[in-house]
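In the two complexes below, subunit A is the common chain; its partner is subunit B in one and subunit C in the other.
Right after this comes the complex of A and B.
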């Protein structure tokens, strides 16, 4: 106890004040402990960020030294139909997959929000797909959603008489995107369900009971009591989910290779960048695309944070 | 509980009966109806979520001919256990497995050890600049990996680490990523200070306190951090794809990808599925061993606000 008080007073000492021996020791020890991550920040984050920003203003094919070309890469990017297309479908993907898996996760969580062992059993079932490695899971779904009559999903739909000829799924640019969503929902709904469950369980019981006494129905109770209380969770998941979705790589790479086949329908930004960097060895061009992506993520995140003041409600009004 | 009338239609019949009876239902009956409805929907959904697992086992055990004959095989006549080893004669999967195991082990040890040390610094020590650096570390969560990926690749190439396992191991030793540091620090905050103070009064050094008092208590959350790193290293595709070019240097995940990409002919689907199944099994075993801790871990994480 005593030392806790002492520590706090120490922190209030103005910085210009000569450091006592104890303070110096603390400083040394503190930075020693966090030195791995500080070194990591320099070696793996800030150094490379600086380099990549520099490359983005150069023409660089790895074999010859980078040549400074100013903003040419950026200008070219915005006139490159491939990039504009990648960019567009990646944004559409983030805007559909994130809310989609949040809603599915929420619906499952609402069904599961009861104590008991059976519920824990179901919870495990829905969560398992979230721990399946992406490459293995995607290949499995690629087989199940095969565009031939040997794909099991086609087989079931045809046997049930719902379709006459096999659906093309990942073999057609018209359906590839929506087929991707199917496997993404399968793989991510469970993770969002867990977070929803934690949020739902944090809603005070007495508030629920009070609303029941006031005669609020299930829907009303959900919209007016539960949703406002779990807005921090919605917010948090929206931000992290969006950042993750904009960076999707492995799923699309397994399904459509480095061209995002069929016909670029799975050519998300990271696939585009990969192709430019490790297919065409246009490191400068690829770096510029990466920075555009970074800028978009920053702007979107700030936007969500900005608007959050209006719709995120923290119990007790703090923060 | 109402008993399902039979087959798939059970749940639906259940609902229809229940709706018919609703008007005269007592409160207890109504609650039972709600429970039945809830379980009906949940069971149906679990079938959808679990079907792929049944299908991968089913396909992995078929003969190549069975996998492309109609009607589809719902369970192979003679389960082909040989499919598990058959792909090994087509690509060096043994070596790939070894590489993956080395990477997972080395990266996980490094990530957990360094994340624990850093988390202790951020969570328990008092020093000038601590909170600032912690914020900086957290902010890097927003940085897309692709931004730093290209320069890091070029550096790795320049120091001659291409086609070695180093690029997939060494970066993990620098704090194990902001998420793991955050996770461990968050857990540390639930541990009472008195524990360490007693040791300090006895004259133990800071490192000693960390190692002998803190580390043992952190065990549950360290397992969670280990899981995240191991899961990430095991399933990583982009890293191996870029750093490991010749076939003999690949990781298992990379081999699985290449096998699927180069052998699109239908007759090898059972092999591909058996390889994919093997990729899932260690993860599933780890998940079921750590399940309760992992789910708690996710909850800690959602507590960020």
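Right after this comes the complex of A and C.
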């Protein structure tokens, strides 16, 4: 019986193909051509990654040799109120900014999903924020939403008599987070709109027409025909948006510096990591925080991938 | 025979003298008395030093004076962005790529000294015969760690008050004079703050100098008998009754007499737009603002005057910042690098640097105001302000500086805790006591992890 099983397994294994001299040469050439990328990946991506994994188990201030301390950095992290706070607000940010950006981008795409020159003009207008450098865009919104009466928005609102005293926006811990969301929606809607537009235009017209013939209204058509057909795009935007949101750094750094001010309201995990690494020069501690965040992003991404089998539909019936 | 002997003796003496002279630097630093030759003499017969400065520094102007005094040592001045970037400096130190001498600011002293990046210059100061008592104590302290000197200050700035005579006249307030008191300043500022004329709100003081700057709040704590740390420098004491008294005084003054409550961080300073009577600044800002396009005082259309920061009572105190030079652990010839540092403290060195950059000398035996006033002559004429340099000099005896250990000028834990405390007070989320007690606890927790 055992030999029969072995025989069957042997039969399943394809015979090893012996490469000709020319094939071997071409294989070598192929490896040679991709070697710069492989080397780059090993030296500049995997190398630092695994080095930081090692540092996360050490006390390392750059100037002295790393000292192995086991899991102490990780233990300290979970007891560090600063990290817990950063972690919490980063998750809240991801949970609000990602769906918000997706919905706003989709709404704009739905409005602009029509032929005509005017639509092309508006698409360009809505896409412009995406090509403005993050720092420039953030500085612009920092001035617009300045918490003094000299801020552009406050000045307009006060001049119009709509408010008596200036709104604090980025100057108050109560409003800085929500002001950041305005900035993020403005900056990200254009990029997601382009992807949504591509998805909407790939929805077969005959399906839309068939649903119209069947008497489906606008909402019904959107919910039962369009949404299922654009689920691969929702999936794509969701995964990329979530990873991007959990790695937010530049906007918060420009607005609140490395302390995530005011009062730590913009102190996301990457700002925390930066502060530990380049403010306190605690590279081991910063590396541990980075690996915790990596693990969280990985788990959440896998979770989305796992659930996608239930809600993402590919043309041709695949899931 | 006697004549011959005396001639021989004279010749021998002359030869001996010439030999000794050949081994002594051509211009010995003033103040040098007893010397440890192993520290004083550069090891190499000829040395080449590399000095990193910021592009806005003027080291080349006085480096040539040093090279004349020490012909065997050449200094190559390099404008380096690394010198003003802590992270880049740490990377350079880790890679052993630091220059022999680097520019450093007061905020960096603790980190770089405590991590062994800077050379301890105290033995050299002793070997060159310098005593701390020869220099302005508060400024020298900004370059010290654990009582030793690591950074030789090249120049410093004290807080001063700028005033707009037009606004003072509008509200019938007297023009301030040197020697004015804090009570007079408060009275004038509070009398103007919040008043409206022609639809415009006028303020007593435009808040430009950040409340997170220790140059401002540290003197207030010291004036009421408090301070940022206990005497043994083991714990932060922002929450002590005496410290809280000073901090509360600053907070109350800021609320009632300045634009602090109306103009949160990152806002335009009303002083620049002519709607505030006073502004608290450091003279370096006075010097550099008009020289960089688009910055505050280039666009003012009124005459700005400067007067000393009124001394606080009951203990007079004043705040200041410092920029200096440090010799690094990567110096190829430490004694040559130290020779430059020590020359900076000499009469010639201080005079040359003061002339080149207009900095106030550290030496107490030098007339300070001459170079200082000369430097300001250009900007005073061009940008409409006057400055009483001799009075400014006289305030150096009141300069107070916080312990380097707290790193209050950096972006570390202590500085962040204090910045958060001021924000909480400004936003009325917490009282001064609550905010600074929380900050003290945070700082002490951090100090505990630092082994202190």
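Structure notes:
Heads up, the rule we're going with is that the second predicted complex is superposed on the first by the 297 of 319 C-alpha atoms of A that agree within 3 Å, B and C clash if a C-alpha of one lies under 4 Å from a C-alpha of the other, contacts with A are read in each partner's own complex, and residues count from 1 in each chain.
The criterion applied here is as follows: a contact is a pair of C-beta atoms (placed from the backbone, for glycine too) under 8 Å apart; a residue touches a chain by one contact, two chains touch by 3 or more.
Source: prediction; values computed, not measured.
After overlaying the two complexes on the shared chain, residue contacts for A:257 are found with subunit B and with subunit C alike. By the touch criterion stated above, A:128 is placed in contact with subunit B alone, subunit C being left untouched. Of the two partner chains placed around the shared chain by superposition, subunit B and subunit C are both touched by A:149. By the touch criterion defined above, A:186 reaches subunit B but does not reach subunit C. Annotation for subunit A, partner touching more residues between subunit B and subunit C: B. With both structures placed on the common chain, the touch criterion links A:22 to neither subunit B nor subunit C.
Of the two partner chains placed by the overlay, subunit B and subunit C both lie in contact with A:62. With both structures placed on the common chain, the touch criterion links A:40 to subunit B but leaves subunit C unconnected.
Contacts of A:212 after superposition: neither subunit B nor subunit C is touched.
By the touch criterion defined above, A:173 lies against subunit C but remains apart from subunit B after alignment on the C-alpha atoms of chain A.
Shared contact residues of subunit A, touching subunit B in one structure and subunit C in the other: 62, 142, 148-150, 257, 278. Listing the residues of subunit B that touch subunit A in their complex gives 38-39, 41-42, 45-46, 49-50, 52-53, 55-56, 59, 67-68, 70-72, 114, 117-118, 120-122, 125-130, 133, 136-137, 140-155, 157, 171, 173-175, 178, 181, 193, 197, 200, 206, 210, 231, 234-235, 237-238, 241-242, 253, 256-257, 260-261, 266, 269, 272-273, 276-277, 279-280, 283-284, 287, 291, 295, 298-299, 301-305.
Residue ranges of subunit A in contact with subunit B, taken from their complex: 3-4, 7, 10-11, 15, 26-27, 29-34, 36-41, 43-45, 47-49, 51-52, 55, 62, 108, 111-112, 114, 118, 122-129, 131-137, 139-144, 148-150, 152, 155, 186, 190-191, 194-195, 198-199, 232-233, 236-237, 243, 246-247, 249-250, 253-254, 257, 270, 273-274, 277-278, 283, 286-287, 290-291, 293-294, 297-298, 301, 314, 319.
Taken together, the subunit C residues at the contact with subunit A in this complex read 86-87, 90-91, 93-94, 111, 115-117, 262-268, 410-413, 416, 419-420, 423-424, 427, 429. The touching residues of subunit A, when paired with subunit C in their complex, are 61-64, 142, 146-151, 166, 168, 170-173, 257-259, 261-264, 275, 278-281.
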